[in-house]
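A, B and C label the chains in the order they appear, each numbered from 1.
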Amino acid sequence: MEPAVVISNLEVLFFGKAVLKDIHLSLWPGRITVLVGPSGSGKSTLLRAINRLNEFFPDCQTRGSVSLHLQNQYHGDIYQNTIPLSDLRRRVGMVFQTPAVLPFSIEKNITMPLQVTVGLTGSALTERMTRALQEVALWDEVKDRLKSSANTLSGGQQQRLCLARVLALEPQILLLDEPTASLDYKSAARIESLLLNLKERYTILAISHSLSQTRRIADRVCVLRQGQLIQEMDRNDMADIRTFQGLMEAAF
Amino acid sequence: MNRISDRILVGLTWLSGIGMCMVVTGLLLFLIFHGIRQITPALFFGDTPWLKAITGQSPVFDGIWPAVTGTVLLVFLSSAIAVPVGVASGIYLAAYASSRQRAFWGSMVDLLSGTPSIVMGLFGFTMILFLRKTVNPTAQTGLFLAAVCIALLILPYLIRTSQAAIAGISTHLRLIGPAAGFSKWQNIRHVLLPLASRGILSGIILAVGRASEDTAVILLTGVVAQTGIPRNIWDKFEALPFRIYYLAAEHRNATELEQGFAVALVLLFLTGFLFAIAFLLNRYAENRWRIRRYQ
Amino acid sequence: MLKINPPEKWIETGLFMAAVVSAVAIVSILLLLIYFCLPLFSGNGLSRVFSWRWQPIDGQFGILPMCAGSLALSILALGIAFPPAIGICTLVHVLSRGVFARIVLILTHFMTGIPTVIYGFVSVFVLVPRIRSLSEAGTGFSLLTAAITLAILILPTIVLVCYTRLEQLDPVLRLASAAMGFTPIQQMRHVLMPAATKGVAAAAILGLGRAMGDTLISLMLAGNAAQFPGSLFTSFRSLTAHIGLVVATDSQSLAYQSVFAAGLVLFLLVAALNLIIRKTDNRITANAFLRVQETRHEQNF
């Protein structure tokens, strides 16, 4: 199978200082890759390099290439503008550490981005929203109060709403920046099981600070330290908790 | 459809940004073009030798020296009244008041800052009428009254900037004093005020700028077109902004008109200079205690 | 046993007294204005002041034309200033983050420091002749002239209040909408502006209050004829200018009382706007003292 994302020789600089250097990484569909590493090791930056969100910060430079292979169509290096920025970010969905709900109603949180970026209207819009909410198992909880403000939802529900908003845009790649970091244990468990259900259809790259969570969801673990990928582990390395912990401790 | 309207909107935003820059530079160039040649010693002192004018030995008739003195005196007096009250008030709101008190007294400050300056002037004028009716039948508008009214005008600026400067200090800096056994006032006096000093100073300078440019208040409280340097603080006075206002409407010949441009330029230099200092101080104050947080 | 140190208590009392000064000032302004308006409530004073005719020689002291003038002027000025203000906010907040945005921001701050009288003065020589030739009849001292100049005066206030409010929004909001593929202008239209609606509305009302309270612009540019502002090119008089004009030229007692009535009306109008701002968005103080907000983000790598 072709990898969906091929990162080669990536280097990202903030204020002229390298935050990531010499990164080579490929991501395959149907698998969850988890990035771990100490604070400041460049995990979020690596995530944002894949949807070019680092360009949001004015003092950032990116070198190297990130090629995408979406829906059997090869796009080449996204930094050579082979795909319009707006399309790229729609195809590569991102969920943030804190639930980034828009200060609108629950319904509008999902429909507005669809209207604006895809131009969807009418029944197609409603259908897509319903499907997305069902996919994150939020539909039953909110179907009676779609018009109420998204801020009235609990933290876990808000994060699922954000995931639904991203899924509604029909991405092929999901970037998850510590999606459960701000949630309680139960909500986190729900998101985890959702991710395991979703992974068949998406290419997922996630950041996690919890080693137990990493063990539960990851098919592959990449360790980042001081801006460099220093180790990779697959399921076999994680099977035994002792060896896994030993490897992680060596890596940190 | 959406794309097109988005494009048009982007075009309009650039247009408004560039338009604003053009208005400001146009205004500056216009004033400089018409006024710069008039900025000479004669503009300030007329025919009077400048040394005699400054020391007050002989009066100045043609120059704007009396207006400069009037404005300086007015600014000095009003700041002397407003700065202590404003800063103290800011300290109280930031460090002593409970959140309910802060909301209440804060709303009074907002009301005061929303009060049009002409109403402030009218207040001064009615005070004189009131005094005439009650204790002093010969009460007159003059420098002191104008200074009090201007002080009320700039008070909200001072209160809000001092309050913001103190409230903006981060929690861990705030706790250093109490942790070392300082009393509340000792903490304010030796930790918070020094930390907030630049912010407060920039507020004072902005308030000075505001005091030196206001025309509506002094219009009703004792400014006149021609009186020379005031003899005491109860006397009538001249002021730069009033001079500009007066010359715009009442210039008798081309020379007076050019003088108007020159005076406008002088006032702009003065307020621009104050503004620049306040701007730099404020920026420096913000950067100095900013704690950069990386995750 | 904790002993309360007397000086501490005195200091607090002293500071409290200072905080009370603003309240005392506001209350005394209101009371003095009311006191001097009291004679109006006897006889037919009230109906003579709140009428449409101002002809002191005939004993007509109506201030309603001035009320209409103030309203027309401030609403028109806001109408002229608001769209470009939002445009400039959009420009500096999402479209241009570089040198140009900095220049625009610094110029906007600088504009707040330009004395009102200078805007008026320049306008007399730049705008008035152009409006005069545009309207063919009339002197050029008109509603339109005053409104355009006043719009330039209140523009920076609106820009800076909106801009501050936009900067206060959660940065994740912008990041999230960018991550969904919104272009900068789409982020502004569909996410940031709707999220900051209250702040934007409050900024507009603040601008309206500024415009209503300004004296110099209308005094210098409106022509000051005490008549209803029927068209853009008519000369008219605002409440503020009315106060300045009548107090400056000594006249009869009822003329004076009309001034106090004008002052009271103005005070109440601006106070009402203030109240609306508080109800709309309590994070904005009507003071509008604005600090220089730098275009900087908290970053996490």
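Basically, contacts are C-beta pairs under 8 Å (C-beta built on N, C-alpha and C of every residue); 3 or more make two chains touch, one makes a residue touch a chain.
Quantities reported herein were computed from a predicted structural model and do not represent experimental measurements.
Seen from the C-alpha centroid of subunit C, the farthest chain centroid is that of A. Between the chains B-C lie more C-beta contact pairs than between any other two chains. Separating the centre of subunit A from that of subunit B, both taken as means of CA atoms, is a distance of 52 Å.
Averaged Cα coordinates give subunit A a centre that lies 47 Å from the centre of subunit C. Centroids built from CA atoms put subunit C at 17 Å from subunit B.
Residue positions of subunit B with contacts to 2 or more other chains are 294-295.
Shown for subunit A are the residues in touch with two or more other chains, namely 40, 44, 116.
Shared interface positions of subunit C, i.e. residues touching 2 or more other chains, are given as 183, 186, 299-301.
For subunit A in complex with subunit C, the residues that touch the partner chain are 14, 19, 40-45, 51, 53, 56-58, 85-90, 93-94, 96, 98, 100, 102-104, 112-113, 116-117, 162, 165-166, 169.
For subunit C in complex with subunit A, the touching residues are 97-98, 170, 172-183, 186, 190-191, 194-195, 295, 297, 299-301. On subunit C, the positions that touch subunit B within their shared complex are 5, 7-8, 11-12, 14-16, 18-23, 25-26, 28-29, 32-33, 35-36, 83-85, 87-88, 90-92, 95-96, 100, 103-104, 106-111, 113-122, 124-126, 152, 155, 183, 185-186, 189, 209, 212-216, 219-220, 240, 243-244, 247-248, 259-260, 263, 266-267, 270-271, 273-274, 278, 285-289, 291-292, 294, 298-301. Subunit B makes touch with subunit C in their complex at residues 6, 9-10, 12-17, 19-21, 23-24, 27, 30-31, 84-86, 88-89, 91-93, 96-97, 105-123, 125-127, 129-130, 152, 155-157, 159-161, 164, 183-185, 203, 206, 209, 212-216, 219-220, 241, 244-245, 247-249, 260, 264, 267-268, 271-272, 274-275, 279, 282-283, 286, 293-295.
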